[in-house]
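The letters A, B and C name the chains in turn, as written, and every chain counts its residues from 1.
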Amino acid sequence: MSGASPTVCLITDFGTEDPYVGQVKGVVSQLCGDINIIDLFHGVPKYNAKALAYLLPNLVQTFTSGTVFLCVVDPGVGSERPASVLEVDGRWFVGPGNGIFELLSRRSKKQSRWWEIVWSPPHLSASFHGRDLFAPIASFLAIGGNPEDEGRCKRKKGTESHYAHWPDDLAEIVYIDTFSNAIIGYRWKFIAESWRIIIGGHDLARGRTFSDLPPGTPFCYENSMGLLEIAMNQGRAAEFLNLFVGSSITFQDTV
Amino acid sequence: MSGASPTVCLITDFGTEDPYVGQVKGVVSQLCGDINIIDLFHGVPKYNAKALAYLLPNLVQTFTSGTVFLCVVDPGVGSERPASVLEVDGRWFVGPGNGIFELLSRRSKKQSRWWEIVWSPPHLSASFHGRDLFAPIASFLAIGGNPEDEGRCKRKKGTESHYAHWPDDLAEIVYIDTFSNAIIGYRWKFIAESWRIIIGGHDLARGRTFSDLPPGTPFCYENSMGLLEIAMNQGRAAEFLNLFVGSSITFQDTV
Amino acid sequence: MSGASPTVCLITDFGTEDPYVGQVKGVVSQLCGDINIIDLFHGVPKYNAKALAYLLPNLVQTFTSGTVFLCVVDPGVGSERPASVLEVDGRWFVGPGNGIFELLSRRSKKQSRWWEIVWSPPHLSASFHGRDLFAPIASFLAIGGNPEDEGRCKRKKGTESHYAHWPDDLAEIVYIDTFSNAIIGYRWKFIAESWRIIIGGHDLARGRTFSDLPPGTPFCYENSMGLLEIAMNQGRAAEFLNLFVGSSITFQDTV
């Protein structure tokens, strides 16, 4: 039971209707030949690099060493943000250096390694670096290349970070899924049992699974990624509570 | 012209925006190596196991022996419903035992075979059995494993069914597609020519294809899966007739 | 860095929610075995063959020789439109002969070659030629078959066209993406620097990339496919300007 072909996982805010994901796949497929390309997640809130930063570590935790993640949430495409490659616990991450890799790097077991992409393709469009810049680099890593080969990338010391002020866990909604469950950027294991979990004046019950609570009662639980999530048995929690990406959660210690 | 790699088809109510399909694919891809993973259908009406039950046999009929179908519409995840494996005419079906496989089993040419999954993964999340339980089992079958190997599954006699009272064909809308065509859970071949087909007071004409009727006239036809469908030439039938998943069709014999 | 498996790219107006794309993939996968199937674009405006005609050449330009494109936007399915195969600069195109290949053919470097599909499958549904007719032909081409093998297709002289009156570039919106950017069927390189670009009374500024203009100002730029596009930095241009697929652009020469 082992993967013969390399794997590239795509994580973007492109959605699945537009042709952009397909164009990225075309590049990867043409450069890599036989490869597993997995659409891991294209519903990242658009332009919201911070939301992805807090989802990413929990989203990729089941993937093995060697996997390449091509991540594009890029409000500043065409401007000054660097183009980055990151190696974290044996997995590769390629995308804009706009904070999306901050928590991933900070939480890595071993020291993560950073590079800046200095290579430029013969044709670099102003608005689609996912296709023109990041896809070729991700493809090169997927077939076993080293980021520094032929001067593609330049190693960074990577101790300074523009995003060091971001908290270790974020008490805000970072995603609302199509079931209307609201995912918080806060790891469940860091929420004390004595804490009340409050949003918009609602004091939320806790459950282990959906059927633990009666229909119509919003509740909190540890979701399948290990994050705090607000849901409702047979209901639509985020709509019921009028929640949005960015809404804040309050924790109150009852001790 | 034959498939070298095994094929796993995914059928869920997850939609395509959320990261859940991608996470399931990640597991299958890591366990199977080179494999065809086909997103067959992720738009099953959410939580609606009965709707899928009547779509499934017609959806999978063009797939060959050996294909593995990973099916997840699971309103009761985390509760008591069994985890099932089914073999029907050489194809494998893995998913919750909540009725989604009822019509498939009932209509199979040979006696279908049922197993209950008794294996449990090292980490089983409370809410995402698709990723943690069904995907590993489906992967194992795809690479040629037998459900009973290493005690993964326990054979069931499978003559009793909690869903025996469900009719052989369902005179209700089970899906409305993005063209606003309404699909009924009723096989066209069992609709007599003498029957009037009525919904919401509308007596529907019959056609063979869209251009058989003038624009603006809703009509019935045998869809590409062999099911009764309500459509409209250059129009949006379900919106025009105010139809929803669950709306009932009436047949009236004119003889 | 070369592709071992053949590649079939899918371009349709099916969207990604319905089971239709998955059914097409099932056929291709079963006929081809190991193959790269790429969902290039399923969001073509529904039934809008002309919109696809002007998007297609720019959408496929980065794909190499040998790629097979299965294209389905088919308002006339079941009626008289021919079923077509087209070879353009070493790439294959399979789909309805309803104008979708007009601009592709007209702009090809070498003379494009046309065939009409005369083969018919054992079971041809009235409404789903994408699955029943075009997918088997595309699969056959992908594994190296010649369109005329076993009488599948008949060569057409291909000098006459029902769509010869369509302009070389179309001054209309052909697609609005999920970022609310509006794509025009007009190649940027044919827009003179002296032209004013006007839509709905708005005289649009030009930029190279999104951050060139202040937030809230709609502007025009050359998009990543080489087409004219209307966008807005951190905003939703098409919503702001109330634009739709089909809205006309006016060019006014200021010289």
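By our rule, a residue touches a chain if its C-beta (ideal position, glycine included) is under 8 Å from a C-beta of that chain, and two chains touch if they have at least 3 such contacts.
Because the structure is a prediction, the values reported are computed rather than measured.
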Subunit A onto subunit C, rotation angle from CA fit, given as a multiple of 5 degrees: 120
Interface numbering overlap (same over half, different under half) for subunit B and subunit C: different
Per the C-alpha means, the centres of subunit B and subunit C lie apart by a whole-Å value of 31
Going by the touch rule set out above, which residues of subunit B reach two or more other chains? 15-16, 34
So in the complex, the part of subunit A that touches subunit B is made up of which residues? 1-5, 7, 9, 15-16, 34, 36, 38-43, 55, 59, 62-64, 177-179, 208-212, 221-224, 234
Help me check something: in the complex, which residues belonging to subunit A touch subunit C? 14-23, 25-27, 29-34, 46-47, 75-79, 125-128, 131-132, 139, 143
